[in-house]
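Below are two complexes that have chain A in common, paired first with chain B and then with chain C.
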Partner chain A sequence: MAPPQPQQVNLSPAELSFLRSTLCQAPPVRFDHTKGPKDFRSMRAEYDVLPGANGSARVALEDGTEALVGVKAEVETSQWRPSPDARGSALAPDAEMRDAADDEDAKGKGQNSWIEMSVEIPGFRDDDSLPVFLASMLTESLLASGGLKDRLYINTRFHWKLYIDILLLSPPLSYPLALLSMTTHLALLTSRLPALKSEKDEDPLFDDDWDAAVFLYPKSKASASDDKPPVIVLAMGVGPNIIFDPCMEELAVADSVLAIACANATASSTRARIVSVRTIDPPSHLTPPGVPNSMNSATGGTVPASSAEALTQRELLANSGVWTPPRGGMKRGLISQVVKMVVEEGGVAEEVISALQAIELG
Partner chain B sequence: MPITILPPSAPIAAAHLHHDDSDEDMSDDDGLPVQSTTSIVTPGETVTSDPQWMRGHGTYVPADTTTIISTVAGHLHKTNKLLSVQPLRARYTPEIGDLVVGRIVSVQTKKWTVDIAAPMLASLPLSAINLPGGILRRRTAVDELNIRTFFSEGDLLVAEVQSLHGDNTASLHTRSLKYGKLRNGLFTSLTGAGGGILSRRGGVVRSKRQTFTLQTGAGEIDVVLGVNGYIFVSAHKKAGQDEKDVSITSLEQGVSETLYSSQNDDIEPGVAREITRVSTLVKGLVGCGRRVDEDMIVRVYEGAVELEAEEKVMGSSERAGGAKGVVEAVLGRLEMGG
Partner chain C sequence: MPLDTSTYSLALLRLDGRRWNELRNIHAQISTQAAADGSSYLEMGNTKVLCTVTGPAEGRQSGQRGGRDNEAKVEVEIGFAGFSGLERRKRKNDKRTSEMQHTLETAYSSLLLTHLYPHSTITLNIHILSQDGSLLAACINAATLALIDAGVPMTDYLVACTAASSATSAESDNSDPLLDLNNLEEQELPFLTVGTLGRSDRVSVLIMETRVRMERVEGMLAVGIDGCKRMREILDGVVKEYGKRFS
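Right, the complex of A and B next:
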């Protein structure tokens, strides 16, 4: 197999400079002219696509990037013995009986290792950095958002083990984190577990009627306050502007990229809460700088004699039509501005979560 | 509404796969299993084993048999007794004289290799470019050392296919003032639909003029339609603005000194906005399965500007479907208006 190609930007310095100048305008002109700074690329989504899984979803972006997520739950004994049985039946009675602490409440009993996530991206090996980082970022937000792992608790001896398999069906054109996160969100939102018939510390026995299965994320009448899986949105800063859901070309000129995992707030004044925030190294840092005319022998300039001289000349030429890769990180003010745009009333987080909810409702 | 999530589309929109072939209804339908234009054949699928049919493009007959097997995924076409399969997506097949837009992939000692969306990378020899300093300038060893000052990796250029080699690799040249490095604009690729017999189903059509200037409200815009499906939209090159920067080396007339510049000129925000708009509309056109040529771009561009102006007056800023939605709306109006 060919060695994995690093995610490299293959745009000329002149294009990068042009893209940046349009994105820095007020209001910004995006690569897709019809979109505003907070607009997401339109996508197509469906759920329950895999018959054998507890929950599944498929989301396709208009540029052809497509992700498929399957959620599969298995009953495991809590002593970390491999359970040969699949879900839905009583397990082998070799599990040690421990004195059962009569505790109905599953709160705080969940363990992080009960959720296992794997991300597969074509052209990348399992241990390449991109799939590993994506998986850890998605797991992190899922565990941080609260109640999920506690709901996997059955009794003192048994628990559900959740396998979340994420498959990107196309090569990663832009940074696929947001897409994978939305697909995972939809899959988890529609995942169901068989209803439990046994009580307390009996060997678990499940209702074999799939219609009686319970949702992994329980639904109540007031659906706005239900616990829902987190969703990650990407925001990038370019000049004074903030742009959500950047495409590949826009990422190539980003000053900084922020991945924000947000979930809906169950009880607070704002409509959404932030679960985790991470900065992502934008590919723009690796782009080759443009050569200004005054330093290019092919355009009548003179090539600087030393690299120090070249650096000085470049500094003087900043903000002209010459592409210079952005340096440095994200300003504090910008981060707070992004966070505010995400969590505010009618903000990005609320829009995304309710749009994904609308898919499920039909 | 910042986000739109739609349910999956119905099994591939049949509208833009449908085209009227007059030859299609002439022949008798005996012995052919699949005849509808909406169904596709896949590579390796047996089209027919009846010996009366002849094989055309996209098909294959194994030795000692009369079975016709498809080699590509696409639609079956019949012309009298000739069977051919038109692929759904194909790469560009270079032909001599084509105007193409390409991107430098690698730099070698005496040539560049260029991605022109063909199955093989094309080559651009150092001897096939105009060197700065006039047409009569001789190529020297210094130029070979400075090869990266002309084009380096990632740079875009417009060139002409000069010759084809035995393995179908193309050799390019830029020995005209029309050709050379591209800057001041935006690149769009429509790969998979470009050129040749595929032109009926969206993509760039070979035409008399592959480059043209579009009049917009903010200023003039140059559009380069590469036959290979690569498109570059840029600010209009103004002639005679080179006097401001007199250099020591005496440059000949003919080759302007900004020929190999990788620095953008100052572009007015209005022009930059229109460039982005044209580039988005081109993508929308392909999304709708329309061909891309000068006439179409001009009509859709004018329609889109009109539409936006009207929306502004009406106060409804509801835009569904992005680029494709806008183009569909414009095309709908154009067809209604005649």
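Right, the complex of A and C next:
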């Protein structure tokens, strides 16, 4: 029914070549020429948009792509899993006391299966590669960033199950990972769970006052070092330059694309942390190559006799300005440069996370 | 949750404090999304629906691109968001959804001037963000607004409303029909969804899935059609308000 890939840009080889050469300049001239290499596209964002969800957010980018995330939590019974440690405590005479101590500290008790994420993109089936890949990347970074799953622990018999439903409302014009991640971040940041009134291993009883509900990501006075959900930024390498938050046209000439999930600084680390990094196959690999004059019989060249010959000739013409789809991955030096730009003080990670925080503060 | 509908006859007020012929609070926007050809957002009480229109465009399927007889094909996709209901549930391709899709497809195929766009497809994507009764009516109203935003020519607004019969026993003949139901009322009372063409009395969509006594249907229909007329005024106001921005 739908094309299996995100929509391709319809640019000719000459246009692609032009776009690439402008992006390779120092400093790079971007598709939107008012932006520098680290500038993000402007967006409109709002949160708490849905009455029936624990947390929700909607973000629309300036190019018209729009995402909506709803977070819903349900109480589920935990499966009893015997562990050597727990059995020892049950047999020991001071079991009561140890139980009490455990309640204080839910650390390490969360399970990955307590968070379920689904991504819906119009025109794509649930099991198409794009939604599945996006969902797994978002889940992966969320689980890797630590504390969330432990906060879903209620007591030994019950836990919260968190459903995160991500809806892309528009067709996926550019690679939507960064947009979905920012929307999820905002939704999780504003999600609240009803306050627990029961104690220890009683059947859970909750405060029915929504004003008393506790935030899923607790807030303290020094809000800068609170635990916050991770956010994924896209960085693309083109020639010697690094460009953040590429738009659709820029992605079409990327040498390589990195998705970097970063979390804010916590008490233990002074600077923003990187939670996970992934390379993404850029759509530029699928663009059609241009035909140089020397290989075109209509312009006085000679058409290569075999495809192998054509390949060697193209190899020689790599820097001639005739468009050839980029090959290979990202250079090590470039990766370390990207990482540095993300985590440094006042870097991209800090900027994005504090910008999203500012939305919530109003 | 059992609903005590018998309290209605005491004060003639419904559970949410409305009179029998009152609509819920309706809020609508058009052109909400820059990337779509047409888009709309509609709230009827706590029912929230978002609709985007793509096309008229070349069909995505390799086989038949348009509809029959050189007319455009109308495709409708309805997606229930996992968080839309009271409990989180995934709904994909169940019978109720496909019936709603079919209802919208047939209604709009006859309403839109599809002969102007041979070999093309008009795709309606409807996202249900929050459900609280009158779902089909909300979908129809949102789709109408989105199609107007997309500039697809049609003869008149297709607007819809729900109406129910509040009678609890067979003897009580003096019961009022109720207009624009919420989820609780929908579970308890027999109701129908009626869609009409603008100001006229021409019924274009009529669906009733519950059983009700024959005599009551006429009253329900009358109230429903009356509600549709008011709904048309509201939607028309939204469209005109939007148009003022360009004048």
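Keep this in mind: the second predicted complex is superposed on the first by the 326 of 362 C-alpha atoms of A that agree within 3 Å, B and C clash if a C-alpha of one lies under 4 Å from a C-alpha of the other, contacts with A are read in each partner's own complex, and residues count from 1 in each chain.
One rule holds in what follows: a residue touches a chain if its C-beta (ideal position, glycine included) is under 8 Å from a C-beta of that chain, and two chains touch if they have at least 3 such contacts.
Everything numeric in this text was worked out from a predicted model, so none of it was measured.
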Original post:
Are chain B and chain C a fit on chain A, or do they clash, once the structures share the same frame?
Top reply: clash
Original post:
First (chain B), second (chain C), both or neither: which does A:L173 touch?
Top reply: second
**OP:** Count the residues of chain A touched by chain B and by chain C, then name the partner with the higher count.
**Re:** B
Original post:
Should A:P51 be classified as contacting the first partner (chain B), the second (chain C), both, or neither?
Top reply: second
Original post:
Given the touch rule stated above, what does A:S78 touch, chain B (first), chain C (second), both, or neither?
Top reply: neither
**OP:** Considering only touches as defined above, state whether A:K38 meets chain B (first), chain C (second), both or neither.
**Re:** first
Original post:
Does chain B (first) or chain C (second) touch A:E351, or do both, or does neither?
Top reply: first
Original post:
If you lay the two complexes on top of each other, which residues of chain A touch chain B in one and chain C in the other?
Top reply: 60, 62
Original post:
Once bound in the complex, which stretches of chain B touch chain A?
Top reply: 1-9, 103, 132, 146, 149-150, 152-156, 181-187, 245, 247-249, 251, 257-267, 269, 272-273, 275-277, 279-281, 283, 287, 319, 321-326
Subject >> Contact set on chain C toward chain A in their complex >> reply: 33-36, 46, 48, 50, 52, 54, 60-61, 77, 79, 81-88, 90, 92, 125, 127, 129-130
Subject >> chain A residues touching chain C - in the complex, by the definition given at the top >> reply: 1-3, 50-53, 56, 60, 62-66, 68, 70-72, 74, 118, 120, 122-123, 126, 163, 165, 167, 169-171, 173
**OP:** Using the touch rule from the top, collect the residues of chain A that touch chain B in their complex.
**Re:** 9-15, 17-19, 21-22, 25, 29-36, 38-46, 58-60, 62, 244, 288, 290-293, 296-301, 320-323, 348, 351-352, 355-356, 358-359
